[in-house]
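Order as written gives the chain letters A, B, C, D and E; numbering starts at 1 within each chain.
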Amino acid sequence: MNERPDTDPIEVKVVDPSQPDTAPETPAEEQVSTLRLVATLAVAGAVAGLLIVLVNLHTKPIIDEYRAEQLRLAVYEVLPGVARYRTLYRVDDALVAQVPEGAKASDFRQAYVGYDETGEMIGVATSRGESGFQDIVLVIFGFEPESGILLGMKVLESKETPGLGDKIFKDQVFVDQFFARPQTPLAAIKKGSGKGLPGEIDAITGATISSKVVVSIINNGIADWQGVLQQADLEQIVPEEAP
Amino acid sequence: MAARLKIPGLPSFRNGVHPPENKDLTSGIPSRRLPFPDEVILPLSQHIGRPAEALVKPGDRVERGDVIAKASGYVSSFVHATASGTVKSIEHWPHPAGAMQPSVRIDVDPHSTQLQRPRLVPHWDEVPAEQLSEEISKAGIVGLGGAAFPMHVKLRPPEDQPVDVLMVNGSECEPYLTSDHRTMLERPEHVHQGIRIVLRALGISRAVIGIEVNKPDAIEIMRETAPTDLDVRVQPLTVKYPQGAEKMLIKAVTGREVPSGKLPASVGALVQNVATTASVAQVFETGQPLIERIITVSGRGIRQPGNWVIPFGTKLSDVIAACGGFTEDASEIVFGGPMMGQSQASLDVPVLKATGGILVLSKSECKRQDILPCIRCGKCIDACPVFLNPQLMGALARVDRFEEMTENNLGDCMLCGCCSFVCPSNIPLSQLFAMSKIQLSRLKAA
Amino acid sequence: MRATTPSQDFIRGIWKENPVLIQMLGLCPALAVTNTVKNALAMSAATFFVLTCSSVLISSVKNFIPKEVRISSYILVIATFVTLADMMLQAYAPVQHKELGAFIALIVVNCMILGRQEAFSSRNTVYRSLLDAVGTGIGFTIALIMMGGFREILGIGTFFDISLFGPNFEPWVVMVLPAGGFLMLGFIILGMGVYEQRKQAREAHGEAA
Amino acid sequence: MNDQTLFSIFFSAMVVNNFTLALFLGLCPFMGVSARVETALRMGLANIFVLVLTSLSAWVLNTYILENAPYLRIISFIIVVASLVQIVEMVVKKIAPVLFRQLGIFLPLMTTNCAIFGLAIFQTNRGYDFLQGIVFAIGAGLGLTLALVLMASIRETSELSDIPAIAKGTGLTLIIAGSLSLAFMGFAGLL
Amino acid sequence: MSFKEEKHGVVKITAAPHVRSAESTTRIMWSVVLSLLPVTAASIWFFGPSAVLVIGASVAGCLLTERLFGGQRNSISDGSAMITGLLLGLCLPAGFPLWMAFIGGVFGIGFGKIIFGGLGQNIFNPALLGRAFLQAAFPVAITTWPGPAPDWWVLRGDNFALPFMSPGAADAVTGATPLGNLKFGDDPVATPLLDLLLGTTSGSLGETSALLILLGGIYLAIRGHLNWHIPVSILVSVFAFSGVFYWLGLSPFSPLFMLFSGGLMLGAWYMATDMVTSPVTHTGCWVFGVSIGLLVVIIRIWGGLPEGVMYAILLMNALVPFINRATQPRKFGSPRGKPEPAAEKES
């Protein structure tokens, strides 16, 4: 420790004759008061908190914007032709435009109602997760609430086997099947064994489970939302806004 | 597997093995007396316990039957001259157990009649039981089944564990050996007389003679000659090795298991070999101490297999010569049975009290293959009669973890060799266990 | 007292006492996020940042921290920098942040970082702690890039997303799976073992000659 | 908000996405403390205990304190985990000295055990509620114990073998871990 | 006079016992190989030259690795590497690229066996570990079951794919295995039992003909070269568990279909019975077998894969050291039903 002669005071062990020799360490440690310990931690905590809050102030807008952008992109992808959308929250099977007082947005399932240039409603996008081969597969998809026609699908999160299950979002041929399907529910079938029915989706060879999960998410999702959406008067909840 | 006589309903024990018996080499040959050799070598240690103390010095004349060494403690035994002659020296001599041992060399008188010096022995029926065991001790009688445990010690079981049944071991489960078989056939009255004496010494009246069913003639003759005034029963047993081991015999006959580390007396039993009881009878009949016995000389490496009455101390070379010498492919000489006997390196070693057989195995009989790694087949576990896990213990022995072997009940291992016999990888398991036991006792001593 | 020179402080962590390959510290990130070089690099960068900053900070304030609250303070410092790294990655490299997921937060419990503080920064000058942290950080990065590189090349057939073997390459999917992480680290360590063995044999041979 | 059933959370955490073999959490004890089965078992049990407590505290923190300051998560979690381990150590020592003797040395080790901290983070990221969190913690703990015990028993057996010199120690442990991980892939899709 | 002088030869001094059973590890191994020959022949009969190639490649991978890294002992002659190669080859599909089969053999022997110290010391069955590695590495190729070929000598699939390159089997005619068909098929029909028994179905090379495997296994069991407790416990437990689930309406597989389809027969008679990687005591074997059966049923019914035998056996392989610890034989002389557990080691 010869590099720091300036800061390192020479430790002088003061031997108190009244203390037993057997525990020379204990008195030295007791010299540090509890107050000082607490103070040190408090200062450290305060500095840390300050630093974090400062950086957070700086990065939060960027992060939020990125998230919003990602969501926007996803909604635009699964609702082809959409120009703008509004977020609705599902509270007890009813749809509201505003989260109730004191509740967090993330506590409610959300639907994104998309409109085209002319203000005409194109469809509704929503996300849903189900257990896939490895872990949860999270999918966002858009559909027409009245007819149940599937407009588009995008996998948001998946840990499916790379090179196999991950084809559910990497294999464009597979993904393309989910755009503008006139009939739901869909059915995943083995490639080449189809009978030409409208709801058929060719499953990925070797990744039947993953393919079926995507199909199941969409089928269950539409079944789950269709009733709620059909009952609600979307126009009323989301009044037309000036473009 | 020659004759796998598995007769349902016969009592037996769990596990064990069926080595080829090869008993027909000698079982039909009546025992003959081997000519007295020119020299006998009598080690002072022919039994379990402390070596005897020599009472003779070079130049002393001894007669056949004279005491030449006395027991040096409670667990020890007397040694008697087995032939008349002159003490040549007391020196270290090759011992069948391996090392050189102090032994009394006696030059046998070439023209002696070799009659035994008369000894006064009280009538067995007229003395108190304690004196019986003393006479047995003085006659130098030890267990002839293989362990050579001084018999008088066994006759005094612990106070709190009274013996209620005497088990006479005529199972002779080691392959090749037929000496007990011949003893039963040729001297049934001696066997029964011995049983009588031992029962009196123990103060009980029940005895069971266990004989494997591959000796039907012995079973029959023992049944016919059994005394009617005592509860002596002949129990046929399944043919399986090691049926003759104390614990296994008790398990087969009584169904009781001797707990680990305990004596047979803890389940009320005492085991004696048929040859031992026969020699006890002889002590009280003619006064002859334990100086000779029937020994099987067998194997495909010897020209004339047979059963011989051999005085102890006869050198191996004399026995071999009397039996016509080796065949061309003789390869290994074993004292005892093939499962537990000991290989001999020298032809100078003498025959001892516990030598039940001398085997000269040919190359084809004791063929060895390379040792391969253990493949955890579990055959050794299925073979072990005392329910050990030889597979695990062998693996532990390989890495010198002896303490853990003790935890896995190494102490219960009786080195019967079943695990080595079945091991398809030819791992010398029982040898490993024997070595580990030695290592452990050394560690304990240190 | 340590008999090391500043250059030794720096060099040591890079190979001789490589935190991952030799000391087996920080295995969790080394296995979990090294399925591609990009992820490995992002993780190394974040770890590097946390390690260096905490080392500098801790070595500069070491004399004000009482012994009793030493560990707690270190954890506090490390957690702060991890939070900062987390937020900055999220803001400026959102794709990578999503790939690494919770494992950014888990840098906090990377034994390597706390170990360096406890073993080195708390008793050395700022300058030498910096050297030590940078050396260790580089060593960590090397190990992660090795893992990520091998796993990406075999598991996907690319290196830094550049295809190496053409479209017909059959990827060894297992390499980007968890099992592949264990196996690849095992392969690397076995390989190093073989190398060491050869080297020792050569040296022994050289001495004999 | 998470719709997973309790059973699927439990089973996923225990085998399908085993904390150690699939997520690489708790590797330090896995590589270090897994030489003896008894030790591994105790370590695992201690882990289950602390994991459940952590899950509880993380849920309390998330629900009542960090609602508006998610950016303080990492720092608060690590403080909570560290103090929790200390408190558990002290309480166990006081109330159940026998248990303490058995768990003793493992408790302090857990402060920097990524499994504990990882559980808090994963639980938050996935938005598990109170009950889901507890089930998740138990599943993860059991999975950790399973991996530890398997590894320990395999290593105990391998100690008796002639492992090649270069594979002794870490090399072999990693290959075993890889093989276990391969075997656990059989559970994939079992949700 | 010593024996040596007398005999003019070499005297043998060995420890007891001086006689040995005729059983030997080498003999056990080669008779396992022998008993596998009918199955191998059947696979060639069903799949043509592809079967020869695939089995040959995996055997070559195993033997070569064993030869190069297997250590001093003549490790090929004991036959264990041959078994691994044969078994691995038998659980691959006919159209499998040869280079992959070779790598499977190298991995199985190298990292499943040699790294643990070679013969007798491995934890996982090397053939299955190789198979699991291939399954994880090349999931598509290993689940591409070639359909019937026009002629016997036509190669099934792309055996000759260049090393490290994909097989071009994407547009080959593929068939579904009976299990896969019943589980994932669009038109789930249970394959007739007779086809399963004879092996006229699609699937891995060796797992098609349940009958021949049964014959080989029974031959080995009679010779005492395999522990019959294991296959019997596996088959009984698969039958029982699948029966219960079938009866409850939870599974589409009838118990008999379960028994004779997929790799169960091969796994139960040849993989699970690998002496090295199965428990040493009878109690242990029953625990092992019943657990394998349960896992097979669970994975087949609810798992993401059509077949679960391989994983079930591998998982239980990992548990074998633990089972061995827990099922030590009872101490002689101690009361029954009270095994001497390792717990005593504690004190």
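To be clear about the criterion, contacts are C-beta pairs under 8 Å (C-beta built on N, C-alpha and C of every residue); 3 or more make two chains touch, one makes a residue touch a chain.
Not measured: the values here are computed from a predicted model.
Engineer: Which chains sit in contact with both members of the pair chain A and chain C?
Structural biologist: D, E
Engineer: If we define chain centres by averaging CA atoms, which chain lands farthest from chain D? Would you check?
Structural biologist: The chain farthest from chain D, judged by C-alpha centres, is B.
Engineer: Quick check for you: compute each chain's CA centroid and the global CA centroid, then name the chain with the smallest gap between them.
Structural biologist: E
Engineer: From the centre of chain C, which chain's CA centre is farthest?
Structural biologist: Comparing chain centres, B lies farthest from chain C.
Engineer: Per the definition at the top, count C-beta pairs in contact and tell me whether D-E or B-E has more.
Structural biologist: If we tally the contacting C-beta pairs, B-E comes out ahead.
Engineer: What whole-Å value do you get for the distance between chain C and chain E if each is reduced to the mean of its CA atoms?
Structural biologist: For chain C versus chain E, the centre distance works out to 40 Å.
Engineer: Rounded to a whole Å, what is the gap between the Cα centroids of chain A and chain D?
Structural biologist: That pair's centroid distance is 25 Å.
Engineer: Averaging only over C-alpha atoms, locate the centres of chain A and chain E and give their separation in whole Å.
Structural biologist: 44
Engineer: With chain centres defined as C-alpha means, what is the inter-centre distance between chain B and chain C in Å?
Structural biologist: Each chain reduced to its C-alpha mean, chain B and chain C end up 70 Å apart.
Engineer: Mind pulling the chain D residues that touch 2 or more other chains?
Structural biologist: As it turns out, chain D has residues touching two or more other chains at 71-72, 75, 161-162, 167, 171-172, 175, 178-179, 182, 185, 188-189.
Engineer: Would you pick out the residues of chain A that each touch at least 2 other chains?
Structural biologist: In chain A, residues 48, 52, 56, 60, 133, 161, 163-164, 209 touch at least two other chains, as defined above.
Engineer: In chain C, what residues contact two or more other chains?
Structural biologist: 72, 76, 79-80, 83, 87, 173-174, 177, 179-180, 183, 186, 190
Engineer: Mind giving me all the chain pairs that touch?
Structural biologist: Chain pairs that touch: A-C, A-D, A-E, B-D, B-E, C-D, C-E, D-E.
Engineer: State the interface residues of chain A toward chain E in the complex, per the touch definition above.
Structural biologist: Residues 133, 161, 163-164, 189-190, 193, 205-206, 208-209 of chain A touch chain E in their complex.
Engineer: So in the complex, the part of chain A that touches chain D is made up of which residues?
Structural biologist: 48-49, 52-53, 56, 60, 104, 106-109, 129, 131-136, 161, 209
Engineer: Any idea which chain B residues touch chain E in the complex?
Structural biologist: Contact set of chain B toward chain E: 17, 19-20, 175, 247, 257-260, 262, 317, 326, 330-334, 336, 338-348, 359, 361, 365-369, 372-379, 381-382, 384-389, 391-392, 404, 407-409, 412, 415, 417, 420-426, 428, 430-431, 434.
Engineer: Which positions of chain E touch chain C when the two form their complex?
Structural biologist: Per the touch definition, chain E meets chain C at residues 97, 100, 111, 115, 133, 136-139, 141, 161-162, 164-167.
Engineer: Any idea which chain B residues touch chain D in the complex?
Structural biologist: Touch residues, chain B against chain D: 373, 395-396, 398-399.
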